[in-house]
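These are the structures, in structure tokens.
Shared between the two complexes below is subunit A, which pairs with subunit B and subunit C, respectively.
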Partner chain A sequence: MHFDAFDRYHETDSFIHRLDPRVKVVVTVAFILSNALLPDGAWIASGLAWLVLLFANISSRLGITFTLKRSFVALPFALVAITVLFSVTGEPLASLRFLIWDLTITDVGILRFVSILIRSWLSVQMAILLVATARFPDIIHALEHLRVPSILTTIIAFLYRYLFVLGDEVFRLMRARESRSAALAVSGTRSGRSAVWQAKVAGHMAGQLFLRSYERSDRVYNAMLARGYAGHLETINPHELRRRDYVTVALALLAMLFLQLVGRL
Partner chain B sequence: MHYSPAPLHIPDGFLTLAVSILCWIFTAITLSVAISRSNKSLGERQVPLMGIMAAFIFAAQMINFPVAGGTSGHLLGGALAAITLGPWAGMLVMTAVIAVQALLFQDGGLLVMGANILNMGLITAVIGYGLYRGVPARNRTLKLAVAGIAAWLSVMAGALFTSLQLWLSGTSQLQVVIPAMLGVHALIGVGEALITVAALTFILQTRPDLLGENSASAKGSRGWVVAGGLISLAVVLLSPFASTDPDGLERVAGDLGFLNKGVSAPYQFMPDYVLPVLTQGYIATVLAGLIGLVVVGAIIVLLGKGLRAKS
Partner chain C sequence: MTNVLQVRDLHFSYHDGRPALRGVSFTMCAGDKVALVGPNGAGKSTLMLHLNGILNGGGEVNVGGKRLTRDNLPVIRAMVGLVFQNPDDQLFSPTVFEDVAFGPLHMGLPMDEVESRVRSALEAVRMSGFRDRLSHHLSVGEKKRIAIATVLSMEPQILVLDEPSAGLDPRGRRTLINLLRELPITMLVSTHDMKLVQELFPRTIVMDEGQIVADGKTRDILENEELLTAHGLEKP
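And now, the complex of A and B:
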């Protein structure tokens, strides 16, 4: 596995790519915060927020539908919000019977459900754009600048750095499992055994992986000491805020403020 | 790269700002204690260890096994991390895992990350470690059985807390979300328990020194046992109550001030307010939460002092 197998970065040269990663983190969080603050049913403000998102997509040169195509990861979670359709307040619109519950769909319920979905959908797209336009080590470095405790950023950096190594380790374990006919059961065949036995095999694999990781961390530490590790990770990317960074943050925050005003008037 | 989202990761937009901030405050306080403890007790050597162990949890979540109906189960790892690495390190490791899942894979939101860390990293560590340390080390079978129960309970606790946060945000209805979430996770928890026990058995057979009395995971005080026991008890008592009598829970929440207008409160921040953050409902929620935090914190501190004086 290549070291960037997990990376979501898309290499291009654009205005957004050139921005300081701190700016991108702050603007992303501000955008998500702004969405969370918008009241239910603020359609115009949500539409404008979507335009902001499209504008960001265009200026990242990744294509106007770039984040749209990847934005359905949060969709399964919408299941838990479906229950809000049957809000107790509001005008009843339709009712149905599901198992033991008598459910009544209300207008307030629909308003709230759609608002939650839009909020979530807009927020996740900005987060997608963040990791597509900033390298992950740069994001970690930005978090460090933004006062996230260094022990956490260091752990995250190590996690990211060694994930692909342990990912390879997992694939080796899974290949070994398959070659010893402990493969995942396929319906209609007699491969594999009971779910409890499968879980036990999976647990032994996790235990094996734990020991391999534990022992590897010793070797990693010694190798790092040999290369001059003194307790924190260095970066060769200079992070300095230039005028366009300040201007972008200011404009973005103004835009969010405007969205809030539109959403509340 | 294969990556399957887990059902407990709340995306952005599903929690109100007040609930998100409350969870962030709780998470930030706990994590700052974890960090200061770790900085004191751990050498420079431990940080790379924790980083690689975070990668281990992440990678171990990829190991799947088939459950009925074409679905497959996999590990969440909160209890396993706390049992093998100790509670504070386990919390930091799980925080890193959840942060990367949110930042890199958009599995879980950024603004609601405080809630996700609380549900999957902090509560799981307290329950997993507290119950595991509560039994004497001599009886290995008992110890492993308790580890399994702790793993199952940690998943249930995560599901319960997620449901409560969704309900307080007005995103889900209590009478549906609690039985649904707890029902699904009762099954997921069984997988978690089986994998955790099997993994611990394997580690105990090959490297018993890593889980022995002199290991990092054994350096916990009795405070953890008390805290783990109390939270487990709360989950055990609250889950059936919330499942069978959601109206009762709603009434209790109303009495405590979490919901000042019953269930309709979260729905009523329509645009006729200028700043809904400052309306009474929000302040009441945040204040009630903060008072709860102070009370719980005071109890923990007092218990810790009392136990230290005794031992």
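And now, the complex of A and C:
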């Protein structure tokens, strides 16, 4: 019973798997940037970006719908953009009353909302493909090579490493609480007390978790020092760029440029 | 004698399809003190998590004559005091008092009743002076005893302990053994500590690969060297 819901690497031998992780990181970031830069309503460019994504899916040999199936997890976050429906001025289409606010939906608002939805949906899928085709340590290593400050890469690496440990700990704490969440057999006595009390207990649990993580970080750091840690993590995976890596980066960047041109014509 | 606990044909598999329990049945009478032994991965902890409905597999669990169902889970949890192996999981409040009071408070008992239950639970584990201490700064032995107090305060009918003596120094272990001996309550204790089994429990259940392979007088089981070796156990 372990908390491993986030471990998404999928072992396969494919063209994308064999690419240098730096290439994958650069291309993914470029793809996301390109999506973000597309103007509202650039449907053709978005469609082409989607084709790029499908092509990447196929070359990863994980299946054409691989990222699609996993992308819905991230969709709720895109709903944050729902406010643009009402906040952009344009031709009013409909209005509704929400509590004390009168909200008016405009045509420009809808256009922008749908564009944001499509952009984030495409970007999330490419990110999903990145973590499915590159091992996490390799991604970290790639970030280091790409001159991301080592303090950041180290933080990300530890975050990932201890996410599971903490997740397990939260899971066990909650199980222990559940075990003692009892009621009297006598009817008439309400169990569970008030929401305020339950919130207080949950707050205490969060506090305990913080204390323990804090103490654990001390122990981990001491263990690292004891093994000669001097500021950065070493890796035994030598990455070298081959011809196909250069070609892939060049082609991918050209494709993004083309997308931008199409989106702006 | 009344049956406090009756388990019938319990089956359970984890998400990955690995079977953990394959038809476990046994009964415990009021006042029984039973040891549960077996190698790591035998299914002891999984079995214990079924006794208060944290896990639900196929089969039947009856506590105090009541069949465990989704509806009476809270009532069953008041009757079965489950103490986890790692006391750090059990103790999630800032102070000892709040941890021991969690169960009674959750049941909705009045404040003076909560106070008196906490007092007697701490007395039972001989930790009365620790009421206002911070849980996470106690020693392992102290934490284990507080963890037991956190379920005693619920006045359960049966105490279920997962490896209570693991990680204790000799004195902590001795204190715990004396404590378990004196507690006038039905208990099921999983352990690898065969000396503890010999000293404390008249009856022993041996589990291996998700099944009960022996259930009988501790004396007989500890004499049966063939059985012990076959299931990775050692004679104390």
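One rule holds for everything that comes next: the second predicted complex is superposed on the first by the 215 of 265 C-alpha atoms of A that agree within 3 Å, B and C clash if a C-alpha of one lies under 4 Å from a C-alpha of the other, contacts with A are read in each partner's own complex, and residues count from 1 in each chain.
The criterion applied here is as follows: a residue touches a chain if its C-beta (ideal position, glycine included) is under 8 Å from a C-beta of that chain, and two chains touch if they have at least 3 such contacts.
Quantities reported herein were computed from a predicted structural model and do not represent experimental measurements.
Colleague: Is A:176 in contact with subunit B, with subunit C, with both, or with neither (first, second, both, neither)?
Modeller: second
Colleague: Looking at A:211, would you say it contacts subunit B, subunit C, both, or neither? Reply first, second, both or neither.
Modeller: both
Colleague: Once chain A of both complexes is superposed, is A:166 in touch with subunit B (first), subunit C (second), both, or neither?
Modeller: After superposing on A, A:166 lies in contact with subunit B but is clear of subunit C.
Colleague: For A:201, using the defined touch cut-off, is the partner it touches subunit B, subunit C, both, or neither? Pick first, second, both or neither.
Modeller: The answer is both, since A:201 touches subunit B and subunit C.
Colleague: Quick one: name whichever of subunit B and subunit C touches more residues of subunit A.
Modeller: If we count touched residues of subunit A for both partners, the winner is B.
Colleague: List the residues of subunit A that touch subunit B in one complex and subunit C in the other.
Modeller: In the superposed arrangement, which is not itself an observed complex, subunit A uses residues 169, 173, 184-185, 192, 201, 204-205, 207-208, 211 for both subunit B and subunit C.
Colleague: Can you list the subunit B residues touching subunit A in their complex?
Modeller: Residues 1, 5, 7, 9-17, 20, 31-32, 35, 38-39, 44-45, 47-56, 58-60, 62-68, 70, 72-75, 80, 84, 92-93, 95-97, 99-100, 102-107, 109-111, 166, 170-173, 175-177, 180-181, 191, 194-203, 206-207, 210, 263-264, 267-271, 273-274, 276-277.
Colleague: Report the residues of subunit C in contact with subunit A in the complex, numbered from low to high.
Modeller: 14, 49, 52, 54, 74-75, 77-78, 82, 84, 86, 88-94, 98, 102-103, 105-109, 135-136, 150-151, 154
Colleague: Can you check the complex and tell me which residues of subunit A touch subunit B?
Modeller: So the residues of subunit A touching subunit B come out as 5-8, 28-29, 32-33, 35-37, 39-42, 70, 73-74, 76-77, 80-81, 83-84, 86-90, 101, 108, 112, 116-124, 127-128, 130-131, 136, 139, 149, 151-152, 154-163, 165-167, 169-170, 173-174, 184-185, 187, 192, 195-196, 198-211, 213-214, 216-217, 220-221, 224, 231, 263-265.
Colleague: Applying the document's contact rule, which stretches of subunit A touch subunit C when the two form their complex?
Modeller: Residues of subunit A touching subunit C: 1, 169, 172-173, 175-185, 189-193, 197, 201, 204-205, 207-208, 211-212.
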